[in-house]
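Reading through the C-alpha cells given below for one structure.
A, B and C label the chains in the order they appear, each numbered from 1.
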Amino acid sequence: MESTILKALNFNAYFGENRVVKDVNIEIPKNNVIAVMGPSGCGKTTFLRCINRMHELIEGTSTKGTMLLNNEDIYSMHPILVRHKIGMVFQRPNPFPNLSIYDNVIAGYKLNGMKMSKHDKDAIVEQSLQKASLWNEVKESLHKKGTFLSGGQQQRLCIARAIAMEPDVLLLDEPTSALDPISTSSIEVLMQELKKNYTLVVVTHNMQQAARVSDKTAFFYLGELIEYDITKNMFTNPKDTRTQNYITGRFS
Amino acid sequence: MKPNIQYRLGKSKFFKGLIIVLSVLCTVPLFIILIYILKEGFSKINWHFLVNMPKPVGETGGGIANALVGSLLIVFYASLIAIPVGVMCGIYLSENRNSRLANWTRLSVDVLQGTPSIVMGIVVYFWVVKPLSTFSALSGSIALAIMMLPIVVRSTEETLKLLPDTLKEAGLALGLPYHKVILRIILPCGIGGIMSGVILAVARIAGETAPLLFTAFGNPYFSTNIFKPMESLPLLIFNYATSAYDDWHNLAWGAALILLIWVLLLNIITKIITRKWRVQF
Amino acid sequence: MNIWKAKKIKRSVRQIRAEKIFRTSLVLISLSILVIVITFLLTLIIQSLPSIKALGFGFLIGKTWDPVHNIYGTYPFLLGTLLTSFLALIISIPFSFVTAIFLGEYYPRGWFSDFLKNAIELIAAVPSVIYGFWGLFVLVPIVRSLELKIGVTPYGIGIFSASLILTIMIIPYAASLGREMVRMVPSSLKEAAYSLGATRYEVIRDVILPYSRSGLFAGVLLSLGRALGETMAVTMVIGNTSVIPKNIFAPGNTMASVIANEFTEAASSLYLSALIEIGLVLFLVTVIINLVGKRIIKRFTTE
C-alpha cells in the first residue's frame, strides 16, 4: 500500500465570492506522477496553486478546507516553509535573467543569504542539474546567464532550481505547453526519472500527455473533482459520463 | 474635379513643408544659446578657474572651486535621501496597484512634481533653516531631494511594472521571503530603468537655483560643512550674472558652460542606459 | 534531506520577521510621502495666516505693493504672471503642436526624428538660470533696440523679454506630450480617412487633431503649469518692478520672481507672511493645473 503524501479534504478555493474549486477530496501517493486535467477554467491550475499557497498571493482570494502534507496542515504553517517542501515549475520557463545558470540552480539558498562552502554549492548544483538531465549540456557554461538556453533547457533549469531545494512534492503547471515537441518529450521522460525521488503533480491541458506520463489522473470539471483513478483505467474505462465526454473530445 | 484635387494635394504638401520648417525653427534658439555659452565660457575656463575661490570685486582671477565642490556635495546629499526613499516608494506602488494608500501616494507624488521650485524653497526654509537658525547645505539638499522624489518614484514604478509577474512567482515558489524576492531578483532585473530615472532626477536638480535661494543660500568661501551655507554652481551664476561687475560676469560664463556640460552629459548617460537596458528585455 | 535544507528552514524563520519589517517599511515610506505633502500645504497655510487675517481679499486686488508702508497688494504680480505665462503660451503652442505633429505623424522614426526629439528634450534639460543669463546678455539688448525702433522706453528688460524666454523654455512640454497623443491615434481611423481619398493634411486636420484634442489640451496645461512656476529665468529679465506694468514692454514682476527677490529681505513678519501667501496661491494654482492635465492624460490613455 503506497503511503499518501498529500491529502486534500473538502478543499475549496475562492476568487472573492466566486468558488472555483469545490469540495475537492484527493489523496496523492508518494513517488507517483499525478496528472490533473480538465477543460479551460475547470479550476485545475487554481487547485495546484493552492497546494504551495501561491493562490493566496492574489488579492481577494481565500480558501476553505484542509490540505495536508505528510499529515501536517499546510495552511497552519508559514507559506515560506510550505514552499520549501513543495516546489513549483511554471508554464513559461522563468530562470532569473540576472543570474548565471549556476546561481539560478542555487538561488533558493543563495538569495536567502545562506553561506555555503563552494564545495557544497558545487555539489548541489551538479546533483540538481544531473537529476534534471541538464548537467552534460551546461557543465561547461555554468557561469553564463541562462537566457541563451533553448526553451526546453530553460525549463529543465527551472526544474533543477526547484529540486535543488529537495522538496517532497513538485508541482508542474502545464510545464511543456510553451515548448516544442522534442523538448516536451524530453521533459516527459524526465518526469518518469524524477518520480523515483519526488512526487509530481502535473497540470496539463493535453490529454495525451496525461495518459503518457502519469500513474494516476484527476479529472476536474467546473471546479469539482469528477474522477480520480489509475490512468490506464480512467482512459480505457471512465466511470463518469463527463470524463467520457472529455476524453472523447466532446469538449476541451 | 481635377483642379480641386491638385489644390488639395498642394495644400497638403505646403502644410508638410511648413511643419518641417517650423519644427526645425524650434531648435534654433537652443543652438544659438548653446553656441553662445560655449563661446563665452570656453575662454574663461582654465585650471585656476576650477581650483580657485572667487576673488573680491576688483581683483582679477578667481575661480569657482567652492561652487563646484558645493554643487557636488549638495547633489550628493540630496541623492542620498531621495534614492532610497524614492525607490522604496516606487516598489510599494508597483506592488500595490489598487490600495488606497497607493492611490493617495501617487497623488502626492503628482502634487510634488507640479510644485514650483521656489515654493519648495519656502517650505524647506521653515522646516530646516529656521529651526537650525542658519542657512545650510542640508536644507538645500532636502529641498532638492523632495524635487527628485517624483522622478525616482515614477521611473521605479514604471520599470518594475514592466517586469513579468512570473519572475516574482518563481522566487516566491522557491520559498524565498518577500523582501529577498524584491531586493535580490526584482530590483536587479530593473536596475537599468531605475538608474536612468535616478540620473534623470540628478540632471534635473543639478541646475536648480530657486530652491537653494533661501536654503543653501550660497557662500563666497570654501565650505564642506553640511550645516553651514554652501555655494552651488547655479547660485553662483545667478548672483554673478546679475551683479554689476564684469569680472564676475566672466566667472559666470565659465560656470554656466560647466553647468551646461554637466547637465547635458547626465542626460546623454540616461539615454544610453535606457537604450542598453531595453535591449536586454 | 540535506543539511542545507534544515539550516535554510531555521534561517527562514528569522527571515519571516525580516519580511514583516520590510513590508512595514514600504508602507511607512509611502505614508511619509503623503505626510510630506500634507505638511507642505499646512506650512504654507500656517505661515500665510497672518497675512490672510490682516489683509483679506484686498491682497489679491490691491494694486500697490509697498512693504515700507506695509501695503501689500499683489495685483501687479498676478498680472505679471498671467501676462508672461499666457503670452509665452500663445507663442509657443503653435510651435509645440507643429513639432508634435512632425514627430508623431510625419517622422515617428528615423535619424531626423531622433535628432529633433533629442533637441526638444534638451531644451527642457537646460537649467533655467542659464536661460536667464543668456536672456539678460543677449536677448535683452536685442529687445532694447527693438523698443528704440518702435518708440517705447528702451528698458530691454520687462514683460516682453520674460515672455520670450519663457516661450523657448516651455515648448518641450506640450511638444513631448503632444507627440505621444498624436502617435496614439489608431491607424484604423487614419486608414479609413485615406481610403476615402483624403490628403495627409486633411487626415491631420480632420482625424488626428480632433481625436487627440484632449491630450493636446493637457499638453497646453502642462506647459502653462511650467510657465507659471518658472522663477529664475523670469527674475533675471523681468526688471523686478513691483508696479503694474504700463504695457508689455515695461518692467514688472511675477509672483515667483517677487518671492525670489524679496524673501530674504523681508524685514517684518507681515511682509514675510504676505510673500508666503503669494507662494501659497502660486502653489495651489500650479498644482491644480498640473493635476487636471494629468487627469486628462490618464483618461485619454486608458480609454
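Definition applied: contacts are C-beta pairs under 8 Å (C-beta built on N, C-alpha and C of every residue); 3 or more make two chains touch, one makes a residue touch a chain.
Note that the structure is a prediction, hence the values are computed from the model and not measured.
A summary of chain positions shows that the Cα centroid lying nearest the centre of all protein Cα atoms is that of chain B.
Comparing the centres of all chains, each the average of its CA atoms, the largest separation from chain A belongs to C. Sorting all chain pairs by how many C-beta pairs they have in contact places B-C at the top. Remark: chain A and chain B have CA centroids separated by 48 Å (rounded to whole angstrom).
For this pair, chain B with chain C, the centres built from the Cα atoms lie 15 Å apart.
Chain A and chain C, compared by their mean Cα positions, are separated by 54 Å. Shared interface positions of chain C, i.e. residues touching 2 or more other chains, are given as 8, 12, 15-16, 19.
For chain A, residues that reach two or more other chains under the stated contact definition are 80-81, 84, 108, 112-113, 165. Looking at chain B, one finds that residues 175, 177, 180 touch two or more other chains. The touching residues of chain A, counted against chain C in their complex, run 78, 80-81, 84, 108-109, 112-114, 116, 120, 124, 165-166. Of all residues in chain C, only 8, 12, 15-16, 18-19, 21-23, 25-27, 29-34, 36-37, 39-40, 43-44, 47, 94-95, 98-99, 101-103, 106, 116, 118-123, 125-134, 136-138, 168, 171, 175, 199-202, 204, 225, 228-232, 236, 256, 259-260, 263-264, 276, 279, 282-283, 286-287, 289-291, 294 touch chain B in the complex they form. Those residues of chain B whose C-beta lies close enough to touch chain A in the complex are 98, 164, 166-167, 169-177, 180-181, 184-185, 188-189, 280.
Chain C meets chain A in the complex at residues 1-2, 4-5, 7-9, 11-13, 15-16, 19.
Interface of chain B with chain C (complex): residues 8-9, 11-12, 15-16, 18-20, 22-27, 29-31, 33, 36-37, 85, 88-89, 91-93, 95, 101-102, 104-105, 107-119, 121-123, 125-127, 146, 149, 153, 175, 177-180, 182, 203-204, 206-210, 213-214, 217, 234, 237-238, 241-242, 249, 252-253, 256, 259-260, 263-264, 267, 271.
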